[in-house]
């Protein structure tokens, strides 16, 4: 299929590469041109400006956050120039509020907005094994299947309202951050009894908690290996904020999200914001005087 | 081996049955005689009083809580009458404070105290697949291997200080309770966007969270199937208290444990304490006005 | 002095009336004209549109929130039409972010921005006994003294940076909301021992806590008299959000603010958002099964 | 009246001195004899052991905590030797559980148990201006009036059940600790905007919060003057624990108490436990990277 693709960070680049590998024709754009140039060597057509990538029947977007998404898609006039009937597929983790706004703006201009945020760190994206939570017009979702197949282990359909996919993505990221906090507090407790985090997490994470989130992050926490980051503390705080905004709009109290917010904030205020978000576990150690 | 076994609740009975099945000779006692009688039909010798079960080289104990353990082992004079050199193996989830007290009392009387609490619900105990976290004198642990083999998938040694095994067991139960709270808050959030808990948890728990705790309890939460309980809200609160006591003694702040305490307390104050502790998830729904 | 005044809610109207009473000449505007008409009967000149009130050397603004303030002052073009050198005095409780934005925009256009939010409920405003926390150019503050004197018990200067006054106002409102939560939890505890909130708060609030916040709100809580509201739960939540936004920008974790947020949210999700914010105390009773 | 008095710490000594000054005859005992000797110079009779102070129609007790109270009153056999009809007046801040136990034990032996904990720091006790919250048999309370008059600004009767006075005392101490946390978080917020705690608290504590708790502790926080302590962090944690135990028994969730517990714990784990409990405010500064 002919696809425009904008936003080539770690995740976007890996997804775009998989689309190329699967034989799709891509026109790519990125704010800093280097990433686009890299994909051009893999067969992509490099657009000089976002609008040049927007003329295809499908436009995929993986921009960094709400601000970047708003700037390029809404304020950049991209939606106004896109061809009617275009499928606008947003892969990024954005707020439910912006998803609603984009969906309404797309509808008004005769475009079809699909929210399709993904679960998986960069290496999972490279392996083409992401989990995609997708919501929007069912017929459009069906047409996108060959594209999703190029980079997803599985697509999880969530109905016709796009923002539902964003709500699920945010709730999922909340669950991951909660797992980090949980391992942090539990490890601090056993540490005070002379047990290494690795020994403790080794037991739990090979039995009751034998799943990727606990195993992968458990390893980082046990080894205190927080750099280089797969996903920074700053991004962790950003996502917790999006969770809290969604929860506020939907009137859902989430006390655990409140703790996460404070601990990310403290990690950033007192430490190195560029460390991996699993460094959240350090907060519990510090509060117990164990560092 | 010749083993005394006291405390035949759901867990104790299943473990004792597995010991019998493996060919060990058991003398059993339980406060209410029916459970002991049931094991007698499987080949156990039924003791009329705890002391009658205490004369063997190994005494295993699986009493309900600190109070019962203290009453039978300490105040009941059992430690004083036990033969010198006896291995006193406590399988129950008790406080680290009581573990220390029992260990000291045992040592004073020439006994060897082993803390060996277990992870696994009753059906896991019946299948002989428990995970045992064990601490105490290494030579004694080695001698106990054939007994543990009868009911454990694996034994995780934690060094010579018995209370370390209790700290790990409590930290593990804290992690499970945190998982319940996490699923509760996340499910309430997506529910406010029209997504069923089952659909949401189905995604997470077959990918990033594909492990027993999230899968088994996720199912109960999705189906709101809280009775009959495998482990009640009341027991959940008891364990959170033990976690908090251990954390207090070790000077480890655990804010997430504070939330768990309050939500268990609210569940019990406003609902049915005999429901499964996964009913903790209802609190988040109620706070959001979603019930 | 000649003063333009826009925003005539409960607070604005009372302040404007006091300015008139003190002999100042007011040109007033309000979105719904009735309030302006009422002040016209007291001697004010009623403007047909905001711009008509903006031509005076002093413009006072007491608009409802960030949205209204942004709409009228920034998007309405008011700052562009105001005469150079005008003192733009914002009495409203707005975000520190908007205060910074307004201050910069005013500076660019040759105006002088003064942040002067006030402490006090409507009846205090009527009595001319508000506490004003004011920040901005010192010479400008000095010139405003005769105006502040008309409605303030005292003016507390906070330096040249306007947003400091907003930070103090928000921190103060946080302290009030904390007092509500504190009285709520403490009253629930003693209630469970058979002691009425009024009897308990009567002791504390006539001794250690003998001050307006505890006495006035303590009375409302003891009598569960939450309507009509002096300040609604919805406004309470709005202010806690502003506190949290300020804290986020300044990287200050505030766990107590997190509890307040969740309890306001729950009050609104499960109850009557138009009740007085002291109804926050009901949450603690409900969680304890005491309602 | 003839009064036995045991427990002569800062508070007990000041109260006993006031009783002597008012003309009552005191027989005093204290674990370390120096304090008793000091009172002997003021006219008290110094008893060599607690039992020697227990033969009077009134016995007042101001022991440090549950452990000391239990040791002297219950395990020391004092209740068994006291004359029938004796009024046993416990001025200490103890748990509601121990108050119930003491009350039952006293009743069984024909004594009348009165719970009469006090509000006020040592200097208030010296000035004879304590607030006494008293519960127990009404006729007995009436007989005690002349004694209370010697050291109390006011006596607040709370009915016939002694533990009610303890619940009120604990709820009051919770309110004070909440005030400390509130001032700590609010001060950290404004500090991040360049405003000194003293300037901020000076405004609030001379207006809406113009009462002893905020004024006295606000001064200590503004000046970071945490030594010598009037009431240590360790004692603060002890009281929060008693609050939480009472709340647990009465099934009252208190999330704010959870925060207090964690912050006291952190203060003690990472700092100097002997500092005044108003040093709780340092935790908020540290979490924001402001120390």
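Going in written order, the chains are labelled A, B, C and D, and every chain counts its residues from 1.
What we mean here is this: a contact is a pair of C-beta atoms (placed from the backbone, for glycine too) under 8 Å apart; a residue touches a chain by one contact, two chains touch by 3 or more.
None of these values were measured; they are calculated from a predicted model.
*Asks:* Relative to chain A, which chain's C-alpha centre is the most remote?
*Replies:* Computed centres place D farthest from chain A.
*Asks:* So which one's got more C-beta contacts, B-D or B-C?
*Replies:* B-D
*Asks:* How big is the gap, in whole Å, between where the Cα atoms of chain C centre and where those of chain D centre?
*Replies:* Whole-Å distance between the two chain centres: 38.
*Asks:* Return the distance between the CA-based centres of chain B and chain D, expressed in whole Å.
*Replies:* Roughly 38 Å, centre to centre.
*Asks:* Could you state the distance in Å from the CA-based centre of chain B to that of chain C?
*Replies:* Computed from C-alpha means, the inter-chain centre distance equals 53 Å.
*Asks:* Among all residues of chain B, which ones touch two or more of the remaining chains?
*Replies:* Where chain B meets two or more other chains at a single residue, that happens at 247, 251-255, 259, 262, 266, 269, 287-289.
*Asks:* Mind listing the chain B positions that touch chain C in their complex?
*Replies:* 255, 262, 266, 269-270, 286-289
*Asks:* Residues of chain A touching chain C in their complex?
*Replies:* 241, 247-248, 251-255, 258-259, 261-263, 265-266, 268-269
*Asks:* Sort out for me which residues of chain C touch chain D in the complex.
*Replies:* Interface residues on the chain C side: 96, 119, 131, 133, 153-154, 156, 158-159, 161, 163-164, 167-168, 170-172, 174-176, 178-179, 181-183, 185-190, 192-195, 199-200, 203-204, 207-214, 243, 246-247, 250-257, 259, 284, 287-290.
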